[in-house]
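Consider the two complexes below, in which subunit A is the common component and subunit B and subunit C are the respective partners.
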Partner chain A sequence: MSDVRVRHASVSSWIGTTIVVLATVALAAAPWWAERADLRLLAEIYAYVALASLWNLLAGYAGLVSVGQQAYVGLGAYVLFGLAMLAGVHPLAAIPIAGFAAALVAVPVAALIFRLRGHYFAIGTWVVAEVFRLLAAQTSALDGGSGTSLPAAVVLSIASSRQMREFTIYWIALAQVVVILFAIVWLLRSRYGLALTAIRDNELGARSNGIDVVRIKYAVYVAVAFGTAMLGALIFLQKIRISPDTAFSVNDWTAFVIFITVIGGIGRIEGPIIGTVIFFLLRQTLADLGAIYLLILGVVAIAVMLWAPKGLWGLVADRFGWQVFPLQRRLVLKKR
Partner chain B sequence: MPPILTLEKISKRFGAVVVADNIDLTLLRGEALGIIGPNGAGKTTLFGIVTGTVAPDSGRVMFEGHDVTRMKPEHRCRMGLARSFQIPQPFGGMTVFENLVVAAAFGGGRSEREVYAGCAGLLERCGLADKANRRAASLTLLDRKRLELARALATGPRVLLLDEVAGGLVEHETAALVDLINDVRSTGVSIVWIEHVVHALIAVVDRLVVLHEGALIAEGDPPEVIRRPEVTEIYMGLEELGLEADA
Partner chain C sequence: MEWLNTILQGILLGGLYAMFAAGLSLIFGVMRLVNIAHGDLIVLAAYVALVTVQALGINPLLSLVIVVPVMALIGYVLQRALLNRTLGDDLLPPLLVTFGLSVIIQNGLLELFTADSVKLNAGAVEIESIAVGGGLAIGVLPLIQFALAVAVIAGLQWLFYRTAIGRAFRATSDDPSSAQLMGLNNSHVFGLAMALSLAIVAIVGVLLAVRSNFDPAIGPARLIFGFEAVIIGGLGSMWGTLAGGIILGVAQAIGAQLDPGWNLLAGHIAFLVVLALRPQGLFPKVQG
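Presenting the complex of A and B:
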């Protein structure tokens, strides 16, 4: 008779989790050691890690390749601007409300676009995002197509000093990415994570083994809309200015996010983190080159897709069996 | 014995190709039924129709007294219809053990912790214990087939559909497989087994049906059925079937 035990953690996950925790502590203290411009850059990095992690959950795990997530970034941002400017809601309180509003909108949207398969689904998500953009452009209360800015009173309500405002937004951005990553780890370790990972690997196999694939995809779509909208709300709260073209930008909120996820490693929780680091390294070093920078991004994406189709982390993880977070269920048999 | 699974007048065509032609077939509770037939006869499609991945053009599938014809595959699995795929469909990025946990937790409708011990035992029975923590994608074809069988068993089926699980096995492995399937049978699981390795099949099944171009052309006692002229004809002579049986 043997004693059955299941262990999630491995040596690599102990090291990985320790590094993540230490980095989080160091980054939480960034207002004491970083310049103002660095804080803004870091907040942007957090937003991209979080956006890409959510897109990865959607496309990498649930197989829902959306190219329309800007719909929820923009929706969240517009809900925040609308609530703060027209209803007098405190902007920080408007962030979670934006999330719930997007989740509510995502329910009928999913019912509509889930009727589409494969490529048609991707195109459908884009169409939805365009419809949202056009609706925003028609909203005269928020100055329609030309966009609007948050009035000084709203901005001051975050915190009275400029420094404290910037710190507050920085910490919320960090908290958002930490909570989203933690939630994804928790999800993947749960029963639903088991189902989601099975769907990632083989949808036919998943259905044939009792997994209600459609229901899980639906839940993931709505949850991802919820998180994406909260991220969008904070991104534009920091920018102070909004317009339909920036809020529903397919380039900023979907193309870069897909690039990040694909080069980092789609279908792995570590992928978006690695991908974001690479994306920002490239951007910071090559930004002066103008259009050539975008060409280089394209070449990098093609090279990774050809030689490391599972992304850079996929290459490492397949080779060494590493995992940063304790996700895998390893069977430990102790012979008695 | 009452029937557990019944196909009533099942027809299916893919374009001009008829893969199921008005098929009536009954599986009794506790019975083991073998299906043989040349490639393209419609055997695997029949499994698809039973498990819900292929919708029939007409006819009904009855399981445990319920009409499941329009029911989704995941619901049929949870009701106790499990299948192994001819082309293995593992969850490649997950470990072998995790593959079984998925099947046992979702197909069996139980909590994750409840199934750990059972899955570990199943790995032992199917000869995969030493590969429990390997990624399924890194397995050899043979081990993937073992995993297919183990995963189907993990769902706790009442009817087990096996699609060519013996192909490529050497003699002692085939014998072990036959033992395993007989063992499963003795626990009251009804079995439908599609197999080209006829001698392994005959060592297990009570009844044999022959499928040819989407139609049932013979049915009955296994040793007798494979000697019928209409069966030997489609296999181009009894000798060939006999050869395969002795291989």
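Presenting the complex of A and C:
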């Protein structure tokens, strides 16, 4: 039996991984070659790749279609603001704490909303996000519904010069997306990844093969909340200003994320990356259109869902068998 | 006395929530479709009423004669042209397509009517009230609203269990492939169910427009209220949904009485408590 082993890599994944590594190195050096505005744009792109990758893990693999992930973006952001402004915690140290706080909150939340089956789960996640938003609006210490800004002292504690602050936030944003993508690749290559892929393809089949589906879904939900909250914390640390409506915005943190994932390719790790690139290209060209822009995105997402349900990367992967990351499982005979 | 009045207003408001819920639970029952755009369709109906009233200069309540068939037609076409393609074992496509639809309707309305909030004026009936003794008074409009809710739910109950189309709804719900074998055209039946759902949405939209200010962004909250009423009441039970709506309405009214900021929170908390203690709902009929 031990004559075979599992091979994850392929020619395309060697090429893909090399490109990803080279691109990461080049992007890490961006402060030396990019303009200030470009750095902000890049950091925003990283945040969306990361948010979409986490949502993809949740909905695309674990089958937990949440339309309420803004709950954790906002929670993470509010924990950071609360810790930095009321408890004097260093804002960068508050980012991981925000993640742990969200994971802690996600445990009882999951216990509650996992009682809603299938479709109704989606709306249940939305209710949770609404409850968080309303509670944030009631928090008078952070100026409730009107929102608040980080005081100058907190901002200065990141780094004394403006340039260094921008670089620091940029590098953390890049580090977050790299770590999240790496963690997802690692997870999908592990036995849990095999279980998740099985759940994605056929939940009943996965269950009958002895996979503890509920436990895995639970773990994924909590882990995704952890990551999403850390992303939210950094996003609003960069914005410096927070209000319940922006922190818990369904458009910004769920609609865009869903459209990105669906257009790029749901249930594939490359999907959110491709989707984010398309999303930002569309945004740069159509941003002047305002509401029409969101409308067009909605139409494109519906069209993709109906005619190319695996998204654009799904078309490519099916046609050419490409994979950017070494994820596939192919049995090969061991050489003796 | 103040509290009695609060509870009374909450009950009457609950009728509206039960109607938000009725259309939602109807299509879930027939085709296991959760329509995330449900709330936005209610707002769309309100704007159709607005346009009708402005064009014809009629009383908003009279505009139902036009809004109901228009919305029903939209529902039938929407189901046949778009939503039927998403139905299947996978629950991702219907959720994502209706979510996309929600964003499209919201932003389309925003583009056409701006974000300014508007309201329909139903005339003298809006301020009329009936004294019921003990210093309590019931507004005529909330009463009409509640009576319509009871009528809609009784009508649905009758339609489901006493008519041929109701039999078709139940048959496709229980076993779509056998229903098809027995000569039912499932696509058509689903289209009719969505048409009926949006006919109810039309009634709700007009009532909402007369009752309070509305703007393109208020749809999702209506979806959530309807959904909470369905879950509190228990899946598959029409009268349970009415009870769920009333509980939600009373919880919100009591919350608002305690502190204006707790209005919506109190409703959500009532929902979460029911979910924690009795996840099958208070008056369940079928397991979803």
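Keep this in mind: the second predicted complex is superposed on the first by the 330 of 336 C-alpha atoms of A that agree within 3 Å, B and C clash if a C-alpha of one lies under 4 Å from a C-alpha of the other, contacts with A are read in each partner's own complex, and residues count from 1 in each chain.
The definition used in the following text is that contacts are C-beta pairs under 8 Å (C-beta built on N, C-alpha and C of every residue); 3 or more make two chains touch, one makes a residue touch a chain.
Keep in mind it's a predicted model, so treat the numbers as computed, not measured.
J.: Judging by the criteria at the top, classify the pair subunit B and subunit C on subunit A as clash or fit.
T.: Superposition check on subunit A shows subunit B and subunit C fit without a clash.
J.: In the overlay, answer first, second, both or neither for which of subunit B and subunit C A:194 touches.
T.: first
J.: Have a look at where A:86 lands relative to subunit B and subunit C in the superposition and call it first, second, both or neither.
T.: neither
J.: In the overlaid three-chain picture, which partner chain does A:205 touch, first (subunit B) or second (subunit C), both, or neither?
T.: first
J.: Once the two complexes are aligned on chain A, which partner has more residues of subunit A within touching range, subunit B or subunit C?
T.: Between subunit B and subunit C, C touches the greater number of residues in subunit A.
J.: When the two structures are overlaid on chain A, which partner does A:328 contact: first (subunit B), second (subunit C), both, or neither?
T.: The answer is first: A:328 touches subunit B but not subunit C.
J.: Does subunit B (first) or subunit C (second) touch A:213, or do both, or does neither?
T.: Once the two structures are laid over each other on A, A:213 reaches subunit B alone.
J.: According to the stated criteria, A:4 is in contact with first (subunit B), second (subunit C), both, or neither; which is it?
T.: first
J.: With the two structures placed on a shared chain A, what shortest C-alpha distance in Å links subunit B and subunit C?
T.: Subunit B and subunit C, overlaid via chain A, are at closest 9 Å apart by C-alpha.
J.: Can you list the subunit A residues touching subunit B in their complex?
T.: Contacts found on subunit A: 2, 4, 6, 191, 194-195, 197-198, 200-202, 204-213, 267, 328-331, 333.
J.: How about subunit B: which of its residues touch subunit A in the complex?
T.: 51, 53, 72-74, 77-78, 83, 85, 89-95, 97-98, 101-103, 105-109, 111-112, 116-117, 119-120, 123, 129, 132-133, 136, 151, 155
J.: Spell out the part of subunit A that touches subunit C in their complex, as residue ranges.
T.: Counting only subunit A, the residues touching subunit C are 59, 63, 65, 67, 112-113, 115-120, 122-124, 126-127, 130-131, 134-135, 137-138, 250-251, 255, 258-259, 262, 266, 290-292, 294-295, 297-299, 301-302, 305-306, 309.
J.: In their complex, what parts of subunit C are in touch with subunit A?
T.: Answer in residue numbers: 28, 32-34, 36, 82, 85-86, 91-97, 99-101, 103-104, 106-108, 110-111, 220-221, 223-224, 227-228, 231, 261-262, 264-265, 268-269, 271-272, 275-276, 279, 288.
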